[in-house]
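Okay, so here's the structure we're looking at.
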């Protein structure tokens, strides 16, 4: 089911996280997480609402500072400023798009923020990957939620990130959108991109993953190499892991 | 530095493109300003206070209130579907984001002024004579200070429970030196006094701009880096 | 903060000051009894400025160290400062009516600046109340606490310029009275006792904030 790219020895590390914690006042959303992820690897992150998955991604994206512990992205200690952020592509269930602008303008604006000088071809390519080229000049407002999500994914990929952080990326996508996203993520992975994907759909997450983690109360309560995971029994494993720590 | 200014320009251009598409905030700010001119005129007894005496106060009070209309929209645009996260996750520095938003607001406020001031001159029958140039200088200095403070508070207010209610409360005390200085300087000019008599007010405006452009640009990263 | 004796001492000191000011300090020759309000007005104004100055200092250090205690101190000091500012704004006009012949004087730099202090720090309190997340609240209010301190000199200067360019006819504005020794001593004592009172109030307000945050933390960990 899952393929491993790590057969030829350990991959170049993209994410190295050690005892990472992030608190909001007295509440510790991420409470000591340790893992590392190499180029071409994909971590599927599962867990109930409020487990700290989104907070973990936001720390790695440079949107939140770590409270304690350390996190490195492409060798840069976070918070690593613009250099660290430029290596990361962020997809979330919020599209982060400007609805008055067209898809092309949104993606092109993003490309320029990432310092891509001659962005036209890159923008077209990104939109084509998500099959949004035909409607590229319509304002985002006029698109369906699923189409907006496709544009949002194109936006996150336009600068060829080395690390993709995907928070519920399938939400709102129809079947063909989901297929396009899966094949895009597969392809990025074989090209050496590291991916962390947060999802409630265990099968979907495991189909991409090289590693799987269950998060609960800010901690990894289970961490497996995906090729050792029995996909059929994983839902039970997940329930047990959550129940045991909840 | 060049990077910051380039990124700021990208962001400002994006904001102006959005405003140009929707035109909602600009139109309401212009109509609000023109209505303000009319209402203020009829609220006074013209035999007691002549229109040119009234004009400076009217102009700068309207200026701040119509400015608030545009400022509130500034980070409202970023709040829809969390577009601000896209900006913050990009390699662009926080200072560049602030300066870009402020630059777009400055152009917005300037465009509203470019319509309101001529309308004021016509409606209030002002003797413009040789004071057009210094009046424009006052308008620019006042707009810079207003936009610096207003952009920062707009960024903050949008993340609070009170949202648009909070912005005037936070910003208006900071607009008092601007309105006082711009209003008093305009009054000096319109009553035919030499520019030199308004110079203390112009210096105050300039000092306000320098202090608050710097302070707000430096403060903005603290409001987003959680 | 321990210092459990502080409120008692501060209360006794203020009571003593009031008694001394009322019964054991001579009447001022020109202003009569109205002048006695100064023994409340002046120290309240001093405490208000001290409170907001400390808000700005604590805010600046908070953004540097991110220590929750500094945020709680700023919160407490701002609220206490608003209380004393309100006292200044009430006692000022009460004195001004018999002496200046008017309750409010737009050309009085100190009075108008105090009014703006009140505006800024009331909105500071409203801002705090409008934010859920404790860290966001702390950062936003720290930014406002610092900018507010930058604003005060500009308000001061604006009112000063306004007043010098539009001199108002003031009904019998007294020149600064040279204080006889007894009055000066009373004033100094009241400055000291009001300062103690400020610290006593801030201490209580701070302790309240500690308990409130602890209770919130307990609910959060139970959830």
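Each chain carries a letter (A, B and C) given by its place in the written order, and its residues are counted from 1.
Rule of thumb we're sticking to: a residue touches a chain if its C-beta (ideal position, glycine included) is under 8 Å from a C-beta of that chain, and two chains touch if they have at least 3 such contacts.
Since the model is a prediction, treat every value here as computed from it, not as a measurement.
In terms of C-beta pairs in contact, the better-connected of the chain pairs A-C and B-C is B-C.
When every chain is reduced to the mean of its CA atoms, the largest separation from subunit B belongs to A.
Of all chains shown, the one whose average CA position lies nearest the global CA mean is B. Centre-to-centre separation between subunit A and subunit B, using Cα means, comes to 40 Å. Between subunit A and subunit C the centroid-to-centroid distance comes to 51 Å (mean Cα coordinates, whole Å). Separating the CA-averaged centres of subunit B and subunit C is a span of 31 Å.
Multi-chain contact residues of subunit B (touching two or more other chains): 226.
With touch defined as above, residues shared between interfaces to two or more other chains in subunit C number as follows: 135. Across the complex, subunit A is touched by residues 7, 10, 14, 17-18, 21-22, 77, 80-83, 85-93, 225-226 of subunit B.
Residue ranges on subunit C touching subunit B, taken from their complex, read 63, 116, 119-120, 123, 126-127, 130-132, 135-136, 139-140, 142-144, 146-147, 150-151, 154-155, 157-159, 161-162, 165.
By the touch criterion stated above, subunit A contacts subunit C in their complex at residues 24-27.
Residues of subunit A touching subunit B in their complex: 61-65, 79, 81-83, 85-86, 88, 90, 92, 94-101, 105, 109-110, 112-115, 139, 155. Of all residues in subunit B, only 149, 152, 156, 159-162, 166, 169-170, 172-174, 176-177, 180-181, 184, 200-201, 204, 207-208, 211-212, 215-216, 219, 222-223, 226 touch subunit C in the complex they form.
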